[in-house]
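Working notes, beginning with the structure itself.
Which chain is which? They are A, B, C and D, in the order written, and residues in each are numbered from 1.
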């Protein structure tokens, strides 16, 4: 085993390391890592022998930061973890505080939360779809994905006040009532999305080159998926039931009809299909809820200073990437004693080495793309 | 049949590729589908959403009066120490001392536009503005004082 | 029919009257070199802009539109930027080869401009083995790429160069076989004769289905040969950052970039000459009036129109398809394109012997 | 179900103690008994094969590593295992041979809290740079240059 500094020395003098293997650094600045992930890859020709992730380039120690923020303040920081599902992260934290304080969230707030969660999930999957297509070399889908995603961010901007790091959740509900245009714009979006999603299939899903790039690549067996703690679409692509919305329904997820998308192939294409189908499931969830938002309060009455009782609280939600756990240890003060975020990307990344050994470099990009890694989520 | 499979493979592959080309070809021949905005050419017509959080502002009315009592609730609510409220003591006509706002210091460079200060404000003295063009050449220009020169608290705000 | 022959002839007469035989030859060489360089520069500017505009339209955006009307001066501005940039040479690189490589790639591209018939009687060098010359010289370009990849002393560059080597060597085969089908039909290697043989109809129409198959294979193979997406493995940016030219900057990078576009132009010109009749106007059977109208369009317009149509086709591929993996790339060549083109060549030979074509 | 698990745990490890204040069953266990206990839980009829969270808490007097376990067959079944460690010399057996995901999580805990995981295949810093001094998530960690506290 070598440390980073040694790697830099080795590569500067010779292209090969001591054992005649080619060592390349993918990242921290590399077009395919979507951020500052650093993978040290040992190659034999084009075949991958070992992958070693080096993390920490964007580690902000959010867990430590949260220890000095109050229960109202720490929610906004979590938007910066998995910035593509910022809303769902906030939701998890708000739920953790509500659980600790035993706050009853009004029905209206729950509906709004779930609709926005699902919109966030679609937006996140859209971006993933475009980025994956770009990883395997097709540029145009990226722009089509952003076109649809733009509609969602516009809706978010109008209702939440920001496009990416919304901070719309507060303990006890949401910060403000939905914008009067919200329902109409969401319905317009659903119409647009249903029209455009067929284009995705034409352009990418059915494409023979794309299918060949993803099929039988990065095989993750169900046993490994469980052992590596994979969750979300990665685990579901291997046929492991892991949807928190089904396992431990929160808010009004037990009142809506949707299917947990499962694929059994376990390869990159299965993970791809899971996400594409999930987008359609999310649309159906939104369709069920958008016309039925009950009247009432959007925020429960809460004290100005939140002081949860002594104890430990764990909440789980299903983000676009998988299971996000928020573990709060409270000592009865105004700030959490310890917070741990169990981020889905961290566990999913740990399976990367295992599933890409023996495949080609081109496959690695496809595998990484379908694991849907968001680096701030991994580093926190 | 090997030959048959071979031919059907080639046919299916070619068909899927042509379907893809049809999609991109459609957009090539339909320039009306172009969605990009021509910023900053469209500055005059560009309308931000009313709730868009671009910066913290303190609205003043025509008498140069604001609604800030200097209670520092926003300062306490802020997660990044963006706001610093400096208070003074006003002497009311009855001769009673009363806490009032002296300077409302706002560090735009530290602000993450989370909106918690606006939530916390009991008198709605501050709100989020829509301006998003904040770039300046000197970082010190981002240090702002939100209350106007010579402004005072509006009558009746407690 | 309109022809540039009168102009070239009058220049020839004027030069030999004023400068003598040797002087005229030298002067003609200078004029040709200047024209070639001018074509090179203009093509670079036009094609880069075209690529960006085509990409933008397919990607529902506008593309360059700030410099000049509709962004027409964008590439000129980019070139200026690249010229004034510092050309870095990495510390561990083989400096001589590293600096030589871009020039080799460019010289090869320039050499290929020679045998192409740009218009009626307008050709730099009507060599009698024109097609052979083109296939022979075009495969030299890979030497420059291999040299660049090896001399950079960079893992990404090396991998990119190796991929490029494997790719070009294999795809030469099916490109060559596709060209051969037309040579079989024409019975000549000379470019001008191939064009003349299509006076009564282009080969893609005259040669029945085998000619169409050969044309498709040719387009696929040359897309691969010029390292264009979906076969851009040599520079696969999401895998190898920029492949063989990762370490290049400034004008040296620009030369690679330019050579890529010139190569596209050349292969499309060859394709247009072989399959679409070169500068020959579109003639349909006995429609005398129609044929007559078509003759009024200048031959250079016909030629460049066809070439740009093919270039557009290749750009369309690039902005639609994902990239192949390296083993799939070789699979496609050896398992699909090569057997099909061999079989196709057999068919064409039968057609030619039996005289079934028009 | 919780009673079943409690009974099973009392059978295999009589020294384990339980807390039931939280949502899920908490089991306290000593560090030297932890590894065989974990592997028995993994292979028990409850099949705790999904380690979804592994972390550590600094209680100023001691450290506690916290393992959140679940079963992939029945994800509603969760238990929490806590191992109390000496703060000056925290050492515990690794569980990366039982749950592969622990490999990364333990590396994170190792650098953030300084807990040494015995028999870990690759115990190096994952997030922090090489040669980083101190354990950032411990309560007494102070960094005067990159201040975290307000």
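Just so we're on the same page, a contact is a pair of C-beta atoms (placed from the backbone, for glycine too) under 8 Å apart; a residue touches a chain by one contact, two chains touch by 3 or more.
Quick caveat, the model's predicted, so the values are computed rather than measured.
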Most distant chain from subunit D by Cα centroid: C
Chain whose Cα centroid lies nearest the overall Cα centroid: A
Comparison of A-B and A-D by number of C-beta pairs in contact, larger one: A-D
Whole-Å gap between the CA centroids of subunit A and subunit D: 24
For subunit B paired with subunit D, centre-to-centre distance based on mean C-alpha positions, whole Å: 41
Computed distance of Cα centres, subunit D from subunit C, in Å: 63
Shared interface positions of subunit A, touching two or more other chains: 69, 140, 147, 203-204, 207, 209
Subunit C, residues touching no fewer than two other chains: 58-61, 319-321
Multi-partner residues of subunit D (each touching 2 or more other chains): 150
Complex interface listing, subunit C residues touching subunit A: 55, 58-61, 92, 153-156, 158-159, 229-230, 232-233, 236-241, 319-328
Contact set on subunit A toward subunit D in their complex: 1, 3-5, 53-56, 59, 61, 63-65, 68-69, 224, 226-231, 240-242, 247-248, 311-314, 323, 325, 327, 329, 337-338, 340, 342, 346-347, 349-351, 354, 379
Complex contacts: residues of subunit A adjacent to subunit C: 11-13, 15, 22-24, 30-32, 46, 133-140, 142-144, 147, 203-204, 207, 209-210, 212-213, 360-365
Touching residues (chain side subunit B, partner subunit A) in the complex: 12-13, 16-17, 19-20, 22-24, 35, 48-53, 77-79, 112-116, 119-120, 128
Touching residues on subunit B, where the partner in the complex is subunit C: 10, 17, 20-21, 23-25, 27-28, 31, 33-36, 38
